[in-house]
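Following: one structure in structure tokens, then a few remarks.
Chains here go by letter, A, B, C, D, E and F, matching the order in which they are written, and residues are numbered from 1 within each.
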Amino acid sequence: MVEANVELLEDEPQYKEFAIEEFLVRSEPYYRPVSDELELFQAAYEQHIPVLLKGPTGCGKTRFVEYMAWKLGRPLVTIACHEDLTASDLVGRYLLDAQGTRWIDGPMTRAVKAGAILYLDEVVEARKDTTVLIHPLTDHRRILPVENTGNIIEADDRFLLCISYNPHYQSALKDLKHSTRQRFISIEFDYPPIDVETEIVAKESGCNEEQAYALARLGDKIRNLREHGLAEGASTRLLIYAGRLMTHGIAPRRACQVAIVWTLSDEPELQRSIEEVVHSIFE
Amino acid sequence: MVEANVELLEDEPQYKEFAIEEFLVRSEPYYRPVSDELELFQAAYEQHIPVLLKGPTGCGKTRFVEYMAWKLGRPLVTIACHEDLTASDLVGRYLLDAQGTRWIDGPMTRAVKAGAILYLDEVVEARKDTTVLIHPLTDHRRILPVENTGNIIEADDRFLLCISYNPHYQSALKDLKHSTRQRFISIEFDYPPIDVETEIVAKESGCNEEQAYALARLGDKIRNLREHGLAEGASTRLLIYAGRLMTHGIAPRRACQVAIVWTLSDEPELQRSIEEVVHSIFE
Amino acid sequence: MVEANVELLEDEPQYKEFAIEEFLVRSEPYYRPVSDELELFQAAYEQHIPVLLKGPTGCGKTRFVEYMAWKLGRPLVTIACHEDLTASDLVGRYLLDAQGTRWIDGPMTRAVKAGAILYLDEVVEARKDTTVLIHPLTDHRRILPVENTGNIIEADDRFLLCISYNPHYQSALKDLKHSTRQRFISIEFDYPPIDVETEIVAKESGCNEEQAYALARLGDKIRNLREHGLAEGASTRLLIYAGRLMTHGIAPRRACQVAIVWTLSDEPELQRSIEEVVHSIFE
Amino acid sequence: MVEANVELLEDEPQYKEFAIEEFLVRSEPYYRPVSDELELFQAAYEQHIPVLLKGPTGCGKTRFVEYMAWKLGRPLVTIACHEDLTASDLVGRYLLDAQGTRWIDGPMTRAVKAGAILYLDEVVEARKDTTVLIHPLTDHRRILPVENTGNIIEADDRFLLCISYNPHYQSALKDLKHSTRQRFISIEFDYPPIDVETEIVAKESGCNEEQAYALARLGDKIRNLREHGLAEGASTRLLIYAGRLMTHGIAPRRACQVAIVWTLSDEPELQRSIEEVVHSIFE
Amino acid sequence: MVEANVELLEDEPQYKEFAIEEFLVRSEPYYRPVSDELELFQAAYEQHIPVLLKGPTGCGKTRFVEYMAWKLGRPLVTIACHEDLTASDLVGRYLLDAQGTRWIDGPMTRAVKAGAILYLDEVVEARKDTTVLIHPLTDHRRILPVENTGNIIEADDRFLLCISYNPHYQSALKDLKHSTRQRFISIEFDYPPIDVETEIVAKESGCNEEQAYALARLGDKIRNLREHGLAEGASTRLLIYAGRLMTHGIAPRRACQVAIVWTLSDEPELQRSIEEVVHSIFE
Amino acid sequence: MVEANVELLEDEPQYKEFAIEEFLVRSEPYYRPVSDELELFQAAYEQHIPVLLKGPTGCGKTRFVEYMAWKLGRPLVTIACHEDLTASDLVGRYLLDAQGTRWIDGPMTRAVKAGAILYLDEVVEARKDTTVLIHPLTDHRRILPVENTGNIIEADDRFLLCISYNPHYQSALKDLKHSTRQRFISIEFDYPPIDVETEIVAKESGCNEEQAYALARLGDKIRNLREHGLAEGASTRLLIYAGRLMTHGIAPRRACQVAIVWTLSDEPELQRSIEEVVHSIFE
């Protein structure tokens, strides 16, 4: 085995690296529309109206934005928001160079200049300075003040800002202020209906139609357990994980146990409730 | 589609960039005065009296300042305040250069030197060091001490400081101290009356007079829901978004749902109340 | 109008810039003494006893220090204290240069060397490290340890430290420790009596004697509202603002509304009480 | 003795140093599987499904990952998470050089490029910015955005992310968010059964079969004390420590006292309870 | 007057500057011993036992240390502790130079090398890292580890550490840990008896014997008010301030009002109580 | 006296400076074993088992480690833990040089490379990132990941980690996590019995046998006062301080007062209780 290791390390590195604003979605992503969300997004894009996507974990918001970026032929710049992300992380900073300091644009500045779709994921997790940065970008001005260089950038005409958040998470402390919120139209997402989810699970996991249907029904039933203490239902992604393990030869109940039951909760009792649902479907 | 992408990226970047203190409002902004606010601001400007604008989200404070900057022919420097904005961000900082360190003026220093209208938006969100910076600028001294360079700047004679805040947001913790507050005259703003708002919505969204009137009435009715648990009424901006989506062909009820109902609240019950108001107007 | 803008920008910048320790008060400031405060300050200055000024917002503490600096012929270095002001901001810091690092004296060090009046405004807002810095300056040693350079500076013989604070603001959390407090003599200030305030308002706003007297009476009455929920009375400065707007042609009631009523409170009920006082005086 | 010291210091240093991504497990680690965990991990690795390991302190999670890294012939990059670990610590940072700044990849970037197993130990201890970093690595994108360089790295095809956490520790404050959690399949671990643990203790401590069996029974009994106020049972590691001290000639009861009793608790009463269990086994 | 100003500014600066470790007390300070404190300190100095001084504000602790430094002929390095003082501030830091980085010793390192008396004033205000720094300096090792340079310094044989604190201030949160405390012998200080204080006030303020005796009695009476709500009694320093103002011609009651009454409290009622005591003595 | 001062300053500095990892204990420290602690530590050292020392302030833990370092002929690297100690402080950091940045090993890295005894004193005071650093050093891997250089160091074979903590201090907030704790064997320490302590006090303070015996009995009695509100008993160190002052000619009761009574408590009542014990022994 040690020999194999050495051999692997002699391989060329197999990763790829490219500039953030060149992140074009190059092949059509698989996205199954549920309602008129494509038309709404397209109208907002053409009218320069920023878009807010609301919905639970793993219901397809990120995939939807990716699909729209592909459809509109724009680069996609995604930023996962969190409380340690500073304005400089987004806008840019000075770096020391042989010739003195050099300015490096941050991902937000790159998106504004490249006319990209800028997607701020879970925006309520962001710090206040990040949230405030988007204000002048989201009204009629469409500008980004870059305070460190003393400049103002007027966004490329094809630039669009899109943000997401999960209303189930919001506490009193972490809410989107109205002065931010009222700069967006809002599209609400939910888990797909069973037939659509069957189609998605089958396509993404490689399992057969029957298994996919069983998993979609499982997802639906588990989501109804939310009233019984489950913080969040099973995402479509977890159903796909179970499907893939089954495709790989793991027994269905075991696949559901590691992909779904143990992932959704640490509570033995809650785990037993979910397990019962699994057993009722995969007998 | 991928080809189209590549083609777009070969385009020249379409953004524009200029110095903060050169941000002149070059064409007359659309602003519809409600009372004698133009005269009050002009008197304050000529008397060197700083101005505080109070009022709810999206009632037109920012647009008003923009209009006054245009009317007075002064550059406009806008700073959205937040708790992570440091005094250095505003006043300036040293940068390392090939010849050693070089001082870069911050946006506040640039405004003071250029005789601009300096507009601090949502000033109560600022940190204490930012709030304190404006004290010597707002009394008879009209100076800005730049501690890092050891200098004091006497403001250009045409400089004016203007701040805004939303009294509905203020908690005990985040209030404007009297030692700051009593350095300003205060102008209170509210949403425009229905006829004025109809005029604004029609002009800004491109929808027809009848639709604009319906949207203005909708805004008025929703604002009365505030006693029923709605944190903040619909801003004029949201009415304009709905109007634009309608102009783009989206059905009125759907346009109001994504622009107004889903934006104003995450609470299903509250959403239903707003939706009822929408349906009563767009039958 | 756009042409006018361009023209203005072609003007030479009209601001002035000078070193902090060269901030001499060059013409006699208007200050109207109320008691023996001039003698007390002069005695403290000659005896090297630091001075603490106590009193409400806008009652003239800053103007008094300015007057004494002019009278004693010393430069005046004013520092508005706040919780983000570090010891380095005051004492100085190293800057990188072509020849390595270079030390830049902070405003406190400059004041100590130049024998200035050093005025720390609202000292309880300062961080602990700032408060502690002044200890060796305020006893028989009269030294400032500059830890970063490893040096100690013995103050110029003409140096005096003066601090201010507003006892109405102090909570249990933000109080002046006795080990700091007992290094000063204390002079208590209050709003001036009506006849003195009439004289001040007339002189500073350009309004006539009758208007000034009315405004002084208004100030007196409003300060008595403090028992009815008003956090802080109207400062002399606000009365002057109202006077100036009146001089500019704004109707007295409207001038008092924007300069005083709306500035003092956001509470509709409290605003009404103040408005009643205004109407009883400006009938 | 002093001479001996000098002699030792004249020795060549005996440590070894190598790059993080070259940390290959070169000889088969001793790991005794309990169930089908090897197959599950292998399936996840081949399907690009990230893996979450749950279980108490010292039950073998780290050893299991090490074994899998050896089995799959991949380098192993382990990061012990804690609240002071920044995104820069993981992704990389700029360093100043004679030719200006130079970028240094952090351990996460190195793992992504080298196609390593990246193991984030006790992931709930991590700061939010660390947790969020792994999101784009754990869905279909498998990318790592390096914001400071403005680049995006697509992971090597053989890269796998694995995280661990101990559900007994989790409080309401420090929990894994569902938006993170639902990106993993989960494998639950527990202490090994007595016969397996006997085998492990004997092999790792060098003590005889009988002693090892006694220690394994001791571990089992102590773990049942958890209901009586013991925060956490004795890990297999502590049993091995006791075994090694016994091998070294320390009397069994004394060995158990220092390795187990005094380590598990500071409470005299609880110590007495554990001591009784020790005495019942080592009479 | 403006001419006078200009003239003053043409003066040479009158301050002095010297290295911290060269701060020798050059002339015998006025110190009036109360008990055997001189012998105790001398014994501790010769036995290398660190000394803790306890007592209220302004009772003479600082003056005592100054006197002992003069008596022992050692330099005196005083550090006023506070929560923003870092270990680097005390031990030293690297500075960038034309030839790279250069290490600058902090005041603690300078004191350790120069064999000074190192006096940490109000040590409980220090951060934990500062408190911990003194541990290896205060046991038999007498070393200072300088982690940034990777060195250890063995203190000069004549080095002594002395700390002070005021037991009246200590809350549960800010207390000296026993692991720190039990490294010192402790000398308790209190205000001097009336005859001693009379002597001190007369000598330091230049007032006559009778006035000094009246002030000493005043101090004694006010300190007995502590049970009536006064946080801290009048320090000897405040009595001296009153004496100096009287020497300068200010009337005794007025001198006591600004130096003592207004300084000790902001509470009108408490001020009245103290004022009564003043009036009973200065009739 | 001033002349004497000048003379002293002309002396050569008398301190010594050497690298942290060269801190060899060169002469046998005085350590009086109480039980089999020497054998236990030796066994742990040879078996590569990390050691945790538990016990009250000043009971001899530090001296014990010093003795073992001398006995094993290894350098001793001691780090006093506190909440402001960062991982970089321990592992190392980059410094800027004429040729760019240069890496400086921190004390932990130096200890790992030199095969030293690394002693982390009061480890629960450390920040999480420091605690986590020791995990890979304390299991079978014995490695230290140096994230800033991207390297991993395998410890010298003679390296041993030893930590200490005082169970009396631990609150719920500051406890050693089980995932850290279960990486050590634990040796509990207490104050020495009277005969041993008599021997220690006589040897270390130079006082006579009778005085030493009286002091040891005093220590024993005071430790029994712990139930009566005393937070911590008198350490052996304080008894030695009292002995040294007595040797220097200070009367026994006065020596005990400053070394023990005033050091152990600020509470007058508690001081009286201790004083009574002193008087019962030193009549």
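Criterion: contacts are C-beta pairs under 8 Å (C-beta built on N, C-alpha and C of every residue); 3 or more make two chains touch, one makes a residue touch a chain.
Note that the coordinates shown come from a computational prediction; the quantities given were computed from them, not determined experimentally.
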> Which contact partners do chain A and chain D have in common?
Replying inline: none
> What is the minimum number of touch steps required to go from chain A to chain C?
Replying inline: 2
>> From the C-alpha centres, identify the chain that is farthest from chain A.
In response: E
> Over half shared or under half: which fits the residue numbers at the contact of copies chain A and chain B, same or different?
Replying inline: different
> Among the chains, which is located farthest from chain C on the basis of C-alpha centroids?
Replying inline: D
> If you average the Cα atoms of chain C and of chain E to get two centres, how far apart are those centres in Å?
Replying inline: 30
> Where the CA atoms of chain B average out and where those of chain E average out, how many Å apart are those spots?
Replying inline: 52
> If you average the CA atoms of chain B and of chain F, how many Å lie between those two points?
Replying inline: 60
> What positions in chain E touch 2 or more of the other chains?
Replying inline: 96, 99
> If you start at chain A and step next to chain B, which chains follow, in turn, all the way round the ring?
Replying inline: A, B, C, E, F, D
> Once bound in the complex, which stretches of chain C touch chain B?
Replying inline: 1-2, 4-5, 8-9, 13-21, 23, 57-58, 62, 78-85, 89, 95-99, 102, 104-107, 110, 121-122, 125, 166, 169, 231-232, 234-235, 237-238, 241, 244-245, 248-250, 254, 258-259, 262-264, 266
> Okay, in this complex, where on chain F does chain D touch?
Replying inline: 22, 24, 26-28, 36, 39-40, 43-44, 46-47, 49, 52, 54, 70-71, 73-75, 86-87, 94, 96, 99-101, 112-115, 127-129, 131-133, 135-136, 139, 145, 147-159, 167, 170, 177-179, 181-188
